[in-house]
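After this come two complexes, each holding subunit A, first together with subunit B and then together with subunit C.
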Partner chain A sequence: MTHSTKAFYWMAVPALVLFVTLHTVPVVTGMFFSLTDYAGYGKWNFVGLQNYLSLFKDDRVLASYGFTFLFAITATVIVNVLALGVAMLLNAKIKFQTAFRGLFFIPNVLAILVIGYVFNFIFSNSLPLLGQSLGIDWLSTSILANKDLAWLGIVAVSAWQSIAFSVILYLAGLQTIPAELYEAAGLDGASYWRQFSSITFPMIGAFFTINMVLALKGFMQAFDQIVALTGGGPGTSTESVSMVIFRGGFQGGEFGYQMANSVVYLLVIVAVSLIQLRTLQRKEADF
Partner chain B sequence: MTTTETAASARTVPDTRGLRRRGRLSDGVNWPLTALAAVLALTVLIPLYLTVVTALKTPDQLGGSGFELPTRVRLQNFSDAWNLTNFPRALLNSAIVTVGAVVLTILSNSLVAYAIARNLHKRFFKFLYYFFVAALFVPFPIIMLPATKETALLGLDNPVGLFLLYTVYGLSFNVFVYTAFIRSIPRELEEAATMDGASTWGIFRRIIFPLLTPMNATVGILTCLWAWNDFLLPLVILSDPATRTLPLAQYVFQSQFNTNYTVAFASYLMALAPLLLVYLFAQRWVISGVMRGSIK
Partner chain C sequence: MFQLKQGRAKALTAALAAALLAGCAPPPAGNEVTLNFFQFKPEAIQEFAGLIDEFEAANPGIRVLQNNVPDPDTAIRTLLVKDKTPDVLTLNGNASFGLLAKACVFADLSKEPSAKEVLPAVQDILNANGRCNDSEINGLPMANNASGILYNPELFAKYGVSVPRTWDELIAAAETFKAHGVAPFYMTLKDAWTTSPALVNLAAQLQPEGFFDRLNAAGADRANSPVSFSKDYQEVADKLLQLFKYAQPGAIGVDYASGNKAFADGKAAMYLNGSFAVPAIRAANRDAKIASFPYPVTNDAAHTTVVSGVDVALAMGRETPHRAEAQKFINFLMSKEVIDKYAKNQSAFAPIKSAAPQQDPALKGLASYFTAGKVAGYMDHRLPPSIPLVNITQQFVLDADKSRYLNTLDNEWFKIAARTPKRGDQQ
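For the complex of A and B:
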């Protein structure tokens, strides 16, 4: 082994050891315990696939997947539509462009847990008052206390916080489009909508893919904002998968069972991300 | 002569005007869009305004929508919140975790990425690359339960363990962006340095690491935002209440004193303020840093 190869190994091996210890070992032990009835303490027995079978009959777990998907898909669509709009706005010739960019990124530097608490106050106190004075029935009481509407509050806060990040990524994309394309299209008499659908959107296809995948993956792991807004309630109507794993695993003595849930959750996230990547990238090529 | 000149200028005047009107994309400020941006900015500013005014009120001024200005300012909310959340301690803990995570992440992750980027033709390093990057898909809740057990077992259920975890869990993404960047650095620089007798470590320290400055800024900013604001990882890892970070202190405080809105908002404001202030001074770098991370 030459001197330099030796040095390269020394550069990589400590990180590998740390990574295996703190990432791979937990993943593997977790997978192992998903096959046991381990409560998180005391003795455990090997139960095979029992946990996995029970998962599919567990209403609370199934409901948490339903909520997580509903929430994550809605939030992803809303965030991407609005973020693309805001990014185009911030890329246009507006006054104070840099200041606006700085301002719109603020939500992303704030802790979502704390932001959630602030919005909790708005949803519980300010909005019902507005609803009452306008005579809007569903807004007259806190939407967070409403079993059917609470998830929308969570979508709103999550979107408020994460639009900023998508905006920045879309702005990066918009800046890769040469201005001559628009000039040529303008001379040819293309409408603004035509310019958007034929130039802007195809040119930022890769950024659209990244944003969609990152947003969906991020929202599928929602936890902080739910803790701050509803705590999973009313009832268990806004419990996300992360929350069920956390509660069952740490407080409910369901370590083994929730590890089985985690493994299923991992497979779901990987599958969703890969499907999304493949379909979006195929679309990208079509333009 | 004069007639043709005036005729020519008469013809060009409306032309330029037309160009200017059509050329909204290239020249001049678009005021309607500026107004739209200003209106949209309110969605960011109003919640922040609400946080500030509520933090300054007395409890009896809380009625109404909450957006009214305080009639009498009560600064005592801040000292109450300061004591109830043990603010200085939480601030120090957050600072330790964040600084530790940022420094260790930049130093270690760039080093691994360098070794990988220059040896991708070798099987071991190629394996390492895919092994690390594959972890991008592993969501944190999967590791949460066993990692908590393991860190407790290793005596890492404290801020030091926490920043080690941020360093390890950020590795996937960081190796990905660092490797792409390092591969764009021409090898001739290193070959020349080797001729002059520099070691591989020396090359990393004197040539590669300085060249990585823009990438280091990106990775540093993203790690900082993550470690400072994170809630779930400190919630499950930290065992001693004295080691609480800022978001965790808000959580405990909220669940114990949730009726006292004015003090709670003072506490929220104090938790949000440090990063907000840093951001106001460094926003240009933060935004360009995040943008750079996305292009690679």
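For the complex of A and C:
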């Protein structure tokens, strides 16, 4: 080993130490406590896999998985469809293009908690007023107080906020497509739809994949938007997995049990992301 | 407990605030002792600041540092995880407090002179939530709340309704107001917890004797348990639903703050809340007309009790290095003068034998029950906090599915009993 390569190894050490002490050690400690009945304080006993077995029998946990997947998949689809549309509009030759791009990015800069409280007010006060004056029955009361509709309110706010980020990624993708492709297609008489399905979409395949994976992963961890909008209610109808972990672990004194839930959820998220990457990457165009 | 649950976002900042706690104490000068005082009640910061000044003036050499954080139930846990138990604490005497006491993180205060002054009925309620080794006294009640029905005496007089003393009279009163186009009760269903004052009062008077003790004794054995929610809470659920049938239109979108304002402005005849709502209602309208009576749950007026919980419990860290100073401070806070003043300013009930009775006209209807010892504890303080009771109850009030409601409660209870057999944490 030459002197200079050794130096590079040593330069990586501080980062490695920081990563291990601030990330790996807490994660492993947490995994250990998932095998105990630790409440977060006081004495604890080792319970083996008891917590994991109980998880699968806990209908509240199972319901939260159901809600989270329903929410995450819906939001991911909505975000990606709309973000791609907005990105294509912003990529077209329009006036004030830069100004529009800046404008569309604003929702992503605001804190989701703040947005959540603003939308909470809109859903609870403004929309019902509108619903009453138009005579629409389901809109006359707050949709956040309706256990069948509350999740749509959360989807709407989450999508509104995260479309901005996806738009940026799609815009970057759209700019990698050479203009000559469209010129050639135009000469051949291809319609706009044909140009989109045969050129645009295949060419930004990699961006589509990463957007889908990031969006789904992000939405599966939904927490703050739910806190701000419904607090998991009405009833327990909008409790996401993160919410159950927080409530049970920190407020309910079941630290060990919810740690087990976190470990399972970590594995679920990793598995879902890997499957998604595999299937989507196969469909990407190679060039 | 109720004032804690309003802020949902507060939970997020709690951990951060707790982390900052440790860093904000300046080093003590010379041989001065600084007591770390964890004070959970945001409404009482000024009150305690004044008391601390008084205490410090009388006890040179002791400094008391008041720390107040949002969502104290979560914050105290984060402090405990880091082994930073405060020297002196005030906490709400709820289920969470019981769990902590049971985990032996607080000192035994049974030998303190002020412990002998506490009303026995009140101390029993606090002890029933949980205590170390089942024998110690881990918290001294400094102030109590009482849950009752608040009413607007002007509206009662206007429509010739007298204060209901039985369940039938209560329903008749509600019907009278409804017939005159006045909202009988103002309901605030957007905040799930506002369903629980009615629930705890119904449960306290209708559940069989020793319900929770027998439920605990049954352990995880749901099939052979002598008591269960499905068996013994039928009437509670029926009457709860009956009360919430009188909700004003749009109640599911109304929050607690709006409810306080509406009641303060005379928009409803009654309000299913307790002493803890009185300061908030007065804050919304200083001239609000408020009076109170206990929930007449049965048709036997002699059976009526007031549900009361320890609003402020004083505790001491078990391992505090400043035990003598902490004792001094606690006994100061438990003195008659301090408790009387606190109860008057914070619309609370004083839980010591020598205290002056509560003179607030808004609370007079409840005061006699309190001093006569006709008090019962909060039923929700006996449930493990990991059961989302208020959310489940809110769901029930919205969908009126009784069998599902009671089954969910049983299900949650026995599920937790099954997965924590060794802890014995459940109350």
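Here, the second predicted complex is superposed on the first by the 277 of 287 C-alpha atoms of A that agree within 3 Å, B and C clash if a C-alpha of one lies under 4 Å from a C-alpha of the other, contacts with A are read in each partner's own complex, and residues count from 1 in each chain.
The rule we apply is simple: a residue touches a chain if its C-beta (ideal position, glycine included) is under 8 Å from a C-beta of that chain, and two chains touch if they have at least 3 such contacts.
Here the structure is a predicted model, which is why all the values come from computation and not from measurement.
Of the two partner chains, both subunit B and subunit C are touched by A:250. When the shared chain is aligned, subunit B and subunit C each come close enough to touch A:227. After overlaying the two complexes on the shared chain, residue contacts for A:70 are found with neither subunit B nor subunit C. By the touch criterion defined above, A:62 lies against neither subunit B nor subunit C after alignment on the C-alpha atoms of chain A. Of the two partner chains, subunit B and subunit C are each touched by A:113. Of the two partner chains, subunit C is the only one touched by A:141; subunit B is not. Of the two partner chains placed by superposition, only subunit C is touched by A:43; subunit B is not. Of the two partner chains, subunit C is the only one touched by A:236; subunit B is not. Considering which of subunit B and subunit C touches more of subunit A, the answer is B. Residues 40, 113, 117, 224, 227-228, 246, 250 of subunit A are contacted both by subunit B in one complex and by subunit C in the other. Across the interface of their complex, subunit C is touched by residues 37, 39-43, 45, 47, 50-51, 54, 57-60, 113, 117, 124, 128, 141-142, 144-147, 224, 227-228, 231-237, 239, 246-248, 250-254, 257 of subunit A. Looking at the complex, you find that subunit A touches subunit B at residues 3-5, 7-9, 11-12, 14-16, 18-19, 21-23, 25-27, 29-30, 33, 40, 86, 89-90, 92-96, 98, 100-115, 117-119, 121-122, 125-126, 129-130, 160, 165, 168-169, 171-173, 176, 179, 182-183, 186, 207, 210, 217, 220-221, 223-224, 227-228, 241-242, 245-246, 249-250, 255, 258-259, 262-263, 265-266, 269-270, 273. Subunit C meets subunit A in the complex at residues 8-9, 11-12, 73-74, 77-78, 80-81, 96, 99-100, 103-105, 189-190, 192, 250, 252-253, 384-388, 391-392, 394-396, 398-399, 411-412, 415-416, 418-420, 422-423, 425.
Those residues of subunit B lying in contact with subunit A across their complex are 22, 24-31, 33-34, 36-37, 40-41, 43-45, 47-48, 50-51, 54, 64-67, 108-109, 111-112, 114-116, 118-119, 125, 128, 132, 135, 137-151, 164-165, 167-169, 171, 194, 199-201, 204, 225, 228-229, 231-232, 236, 246-247, 250-251, 254, 261, 264-265, 268, 271-272, 275-276, 279, 283-284, 286-287, 290-292, 294-295.
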